[in-house]
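Input: structures, listed below.
You will see two complexes here that share chain A, one where it goes with chain B and one where it goes with chain C.
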Partner chain A sequence: MSEPSADAPQDDMITRSTTDAEILLSCQNVTKEFSVAGSKITAVDDVSLEFPESSVLAVVGESGSGKSTLARMLLRLMPVTSGTITYRGQDVTHLRGGDLREYWTDVQAVFQDPFSSFNQFFTVGSLLRRGLALAKVPKDEADALIEECLGYVDLRPKEVLHKFPHQMSGGQRQRVMVARALMMRPKVLLADEATSMLDATLRVNVLNVLHDLKNDLGLTVLFITHDIGQACYLADRVAVMERGKVVERGTTEEVIFSPQGDYTRRLLSDVPDLRGSLKP
Partner chain B sequence: MSTVNTSMAEETAAPRANTLRSFNFSGRFWIALVLVAFVILLGLAGLVYPTTAGEKVGSLYDAPGNGLLLGTDNFGHDVVAVLMAGTRTSLIIGLVAGTVATTIGVGVGLLAGYVGGWFEELLMGVTNVVLAIPSIVVLILISMSLPESTIWSLAIVIGITSWPWTARAVRAQASSVATREHIDVARLSGARLPGILLKDVLPYILSYAVMAFVLQVAGAILAEAALSMLGLGPSGANSLGTQLHWALAFQAVASGAWWAFLPPTIILTLVSFGFLLLQASLDEVFNPRLRRGKRKQMKQAAARRVEEARLLAQQAASEPAAGPPEPSDRARAGEKA
Partner chain C sequence: MSTTNTPSGTASSPSRSGILARAENIRCVYGGGEEDFTAVDGVSIELGEGEILGLAGESGCGKTTLGNALAMIATPPLYVLSGTLEIDGETIDLSTLQPSDLKRHRPYRGRTVSMLPQGAMNSISPTLRISSLVRDVMRAHDPKITKDEALDLARERLKMLDMPVRVLDSYAHQLSGGMKQRMITVISTLQNPRLLIADEPTSALDVSSQRMLVEMLLEMVQQGIMSGVVFVTHDLPVLSQVSDKLAIMNAGSIVESGPTRQLVENAQHPYTRKLLSSVLDPSQETRRRGVARRSTTTEEVGTP
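The block that comes next holds the complex of A and B.
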C-alpha cells in the first residue's frame, strides 16, 4: 500500500486512552480489498486494534463499515490483503493446516445468524461432537465436556443433543453456538452480531451469558455490533468503525458518554431515545 | 419453515406435518415411477421366465404366435426372453455407468467449487476439455482398444466419459454453499476438508446430485444402445442395443420382422422417457417454485394454517396464566441495567 496515508496511518483515529493490561490478540495495519467487477473496494482500511486479556472490546459501526470482514480476518477465515495479526506475540497472519487449527483452539467465534450457522442435516449432538477434534479431551471425558459447556449457557444435554436446528428456538440455537465455541476452552471469543437476530429478552440472555463467561472463565470477548446500547451494556472498551477505518477508540465511558469524533456523535444521536420523540 | 423468530415460549417445535404430503409428489412423478418400475420388472421377470435367452426355440424370424408372444429373432431365440435379458443388462449398465459418472462428477465439482482459486480453474479447465471432446468418439476408441468387452467394462467406459457436465453443475452449487456460515462454523470446529465436503457441502446439493444421477442413468442406457448397435457392445451378453444390432445385421427391417426391432426400441424409449420424466418431477419435489397445481396446494396449506392457528388460540385460552417468556431473564436484565 503506497498511499500517502500509510506514512501517518493513525492520523484520523482518536485514541482516548490506552490500556496497560496484557495484549492477547492484536492486528496491525490490517487492510482487506475486494475486487468487484474490476473495481477495488476497501472493506477494511489500515485497522490497528488491541484486545487486552479478560476484557470485552466492542467494535461498533453501521452496516458495511467492515466490522464482520475484520472479524473474519481475525478468525483467519479470510486472508488479509496486507497487515499482520498477532496472537500472544506470535504472528498468526499466515498460519495453515495444523497450526491454524491450533490457533482455533484459542480463538473461537459465534456468528450472526443462528439459523445459517447450523448444518441443518445434523443434530446438536453431532455438531458438538465434531468440536471434540479440537477440544483435545480423552474420549471418556467428552460427554462431561459437552455437558459442562452446555451448562455455561444454561442448557441440559438431554434437552438439546438429539434436536435438529429447526426444532429449537433462535435463542436456544445461539446458546448452542456459544457452547460449541466454548468446547475448545478458548481464550478469545468473537461474537459477530451474535445478538442481532434475537428478540429483546433473548438478546439480554445471550449478553448476560457473554458477560458471565468473561467473569467466570476470564474470556476475552470481541463483541461486534451495530447497536451502541448493547456495546454499552457489555463492553469495557469500544472502537468505532466507519467505512473500514477505526475512527475512535477508548473505554466505554469515554467513547459513548463523551464522544469526540464527529461520526461517533452522529452514531450516538441515531440511538432511539426512550422518551420517544424524534430528534429534530 | 421460518422458525427463526419463534419465541422461547415455543421451546419444542410442533411435530412435522405428514412427510408424504410435504413432499408433494405430482402426477408426473407417479407416471414416471410406473414407467421405470415397469421396465425394472420386465428386466427382473427374465429371472423367472421359463425359456432363457440362449435357448433355441424356433428358426429365423418366426412370427409371433404358437405360444411365442413376440416370435423369434435371427438365432431362433425367444424375443421375449432376449428382451428381458437385454433390459436387465441395459439397466445394470445404466446404473453402474450412472454411479461412476455421478461419483466422478460430484467429486470434481465439490472440490472445485469448495476449494476455489487456481485449483478450481485447473479442474474446470480439465472438465471443459473433456466436455469439448465428442464422447461418442472416445467411447468408440476405448471400446475398440479393450481386449474384451464385458458389460462392466462398457459401463465404466461410459461412466468415465459422461461426468463433465455433472461436475460443472455441481461446482456452481458447491461454490454457493461454500460461502455459507455453517462452513465457517465447521472449520472453527476443526473439521478437515473431506469432512466438510461430505457433511457440510454434499448434503446441501444432494437433491441436485440425485437428479443428475437419474439423468446419467438414462444417458448411459442410450449410450450403451448406440455403442452396441454399432457392434461394440458386450460380447456374449444380450442388451437392448445388441438386439438392435442383430436385427439390423439380419435385415429384420427389410424382411418386415417388426417383432425383432420394435420391442427393444419401445423399451429404450420408455426407459429413457421414464427417467427423464422422473428427473423433471423430482425437480418439482425439490424446488417448490416449479410445482404444478400450486394454487390448490396453497389453498390447502392456508386451510391447514387456519386450523393450526385456531388450535393455538384454544390452547392459549386454556392457559391464561402463561406469562411472558423467561421472566427470570428479564429480572436478571433489570438487575444489571
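The block that comes next holds the complex of A and C.
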C-alpha cells in the first residue's frame, strides 16, 4: 500500500509489517518545532511510523527533510514538541535516569559524521572498552566481543585499537562506530547516513552485515539515507520525507518501482544513472 | 579519437578538439616519517579543450593527492617528486622539493589551474557575508582589485548561470548545502581558470543538489568559464553523467582509462568491474541482489 500525498491520514500506520512481527518501536504523531529568530520551523510534522521486529525501514529524503531530527527524537536525544514514542508497548517519550539508560542499551545509533562521535583524546581501544565497562561486561569477555564486532565491519583489532580518531580514515571511523553500536547487542539500530563516508565496495559489505544481523540476531534497523539505491538494496519498507512530513510509504517495491507521489518521482529522477548522461 | 580502453598508465585523450593539458609522470610521496609512502606513482593524464575527466577510485587510492599536485598546492608532508604539466604551450615543473617551489607555482594558481577542495563549502566563515569571501578571494590573486569590481564580476557570473544575485548578501547558515557548494564553485572560477580541479564536489549533497551542481559545471564549461575539469570522486554514477572520459585509480596508479560510455559498458580491468558492480542504483537489479543476499543469509543462519 502506498500513500500518494501528504494529505493522506498520518495515523494510518502504513509501515505495518505484512507479517505478524511484533511492533518493537513506534512513534505516533510526533512533531518537532524549532524557534529560529522569533519564527517557528517545523522540522518534523506529525509523523507516525512503526518498526516491526527484525525488519529494515528506510527513511529517505533530501537534506533538511527532517530525517535526522526524527532519528534524534526516537533515540531520546532530543525532546519531542508533541507526540508519543513507544518501545515494546511502553511509552518512552519522557523516560529519565536508569530507565533511559536501559532504553539506550537496546536502541543504539550510528551517525552521519563519525568524527564528532569520538572523544579525540581516547584511542579506539579505550573507547570500545569503556562502553563495555559501563555496560558491566566482564573484562575477559570484552576483548572477544570487541574482536567479533570489529570483524563484522572488516576491521582487525591490531589495526585500529591503538589508534586515535585522527589517525583513521573517515571510512574506518564509520566502521568503528558501527562495531561499537553492535557491541551492545542492540535490538534497534538507528543508522543515520551511516555508510555515507564508505567506498562503494565497503558500503555493500556493511549493508550485508546489517542484513545478516537482522536475520541472525533479529535486529530492527531504521536506515536513514538520501541514497535511494541503498534503500533499494537493504530495506523491507521505505518512507519518503519531505519538509518534515512523510509523503509516501510502503514496501520497497511499491515506493521505488511504482511511486505515487510527485516528490518521490522527482527524487528518483534525480538519482544519477550509471548508464545515463547529462552531457548535451 | 581513442576507441579502446587503456589498461594502465596514461589516461589518453579522446579529444574532439585540441589538447588543453597534459600531465606526465606525476609521482608524489608523503614523507617526514620513518618511511616515505608513495601516494601517486608515475601517473599521466591528458585532457582536451572543453573536456571533463572523471578521476574515480576508492578512499586512499591517491586521487586527491593527484589533484593537489595538479593544482600546485602540495605542501609538506606531501612532496611531488616528479611531474610536469603542459598547458597553453607552457610546461610547468610540478615538483615541490624545496619551500621555494611553492612560490614558483603561485602565478599559476587560481588562473591557470584552480582547485575546488573537498568540503570547501564548510570553509565559509560563519560571521562574514558571501560578498566578503568574493572580495577576499579576488584580492588574494589581484591586490589592486576593488571590492566593487570583485562584486560586479561575481554578479555578472551569477546572472550568466541563472543564479540569484542576492546570495552575495547572505551568511553561510542562511544557505542550503547545495547552494553553498555552487557558490564556492562560482567563486573558485571567477578568474576563468583554464583547468578546474574539483575534489568530491558532490559528496556531501543529496541527489537533487548533486544534479544542480553538475548541471552548473556543464554549463560553465559550455560557456567557456573554464576550458576543462578534472572531476575527482568515488561516485561513479555522478561521473558517468558528466565526464567525457574516465580514469580509474587504484593504489596510486591509473589502472584503466577511456571514454566514459565505453568504460562503463565494457570495463576490462577487474578492479574497474568490481567498482562498477558495487554501485547501488534504485533498479530492479539492485533489488534482486539485495533480496538474493537476504535469502542466502536466511538459509545460512537457518532463520525461518
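Basically, the second predicted complex is superposed on the first by the 252 of 280 C-alpha atoms of A that agree within 3 Å, B and C clash if a C-alpha of one lies under 4 Å from a C-alpha of the other, contacts with A are read in each partner's own complex, and residues count from 1 in each chain.
In this section, contacts are C-beta pairs under 8 Å (C-beta built on N, C-alpha and C of every residue); 3 or more make two chains touch, one makes a residue touch a chain.
Just so it is clear, the model here is predicted, and its values are computed rather than measured.
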- [ ] Following the overlay on chain A, give me a clash-or-fit verdict for chain B and chain C.
- [x] clash
TODO: Could you look at A:Ser117 and tell me whether it touches chain B, chain C, both or neither (first, second, both, neither)?
DONE: first
- [ ] Please work out whether A:Ser39 is in contact with chain B alone, chain C alone, both, or neither, and reply first, second, both or neither.
- [x] neither
- [ ] Return first, second, both or neither, reflecting whether A:Glu62 touches chain B, chain C, both chains, or no partner chain.
- [x] second
Task: chain B versus chain C as contact partner of A:Tyr233, first or second or both or neither - done: both
Open item on the list: In the overlaid three-chain picture, which partner chain does A:Asp270 touch, first (chain B) or second (chain C), both, or neither?
Closed with: second
- [ ] Return first, second, both or neither, reflecting whether A:Val204 touches chain B, chain C, both chains, or no partner chain.
- [x] both
TODO: Please indicate which partner A:Gly170 is in contact with in the superposed arrangement: first for chain B, second for chain C, both, or neither.
DONE: both
Task: Set of chain A residues, in rising order, touched by both chain B and chain C - done: 169-171, 199, 201-202, 204, 208, 211, 233
TODO: Within their complex, state which residues of chain B touch chain A.
DONE: 1, 3-8, 10-13, 180-182, 184-191, 195, 199-200, 203-204, 324-326, 329-330, 332-333, 336-337
Open item on the list: Per the contact definition, I'd like the list of chain C residues that touch chain A in the complex.
Closed with: 58-60, 176-178, 205-211, 214-215, 218, 222, 234-238, 240-242, 244, 260-261, 264-265, 274-276, 278-284, 286-287, 289-290, 293-294, 297-298, 301, 303
TODO: Please give the residue numbers of chain A that touch chain B in the complex, ascending.
DONE: 72, 75, 77, 101, 104-105, 108-109, 111-122, 127, 130-131, 133-134, 166-172, 177, 180-181, 184, 197, 199, 201-202, 204-205, 208, 211, 233
- [ ] Could you pull out which chain A residues touch chain C in their complex?
- [x] 62-64, 169-171, 199-204, 207-208, 211-212, 215-216, 226-234, 252-253, 256-257, 266-268, 270-280
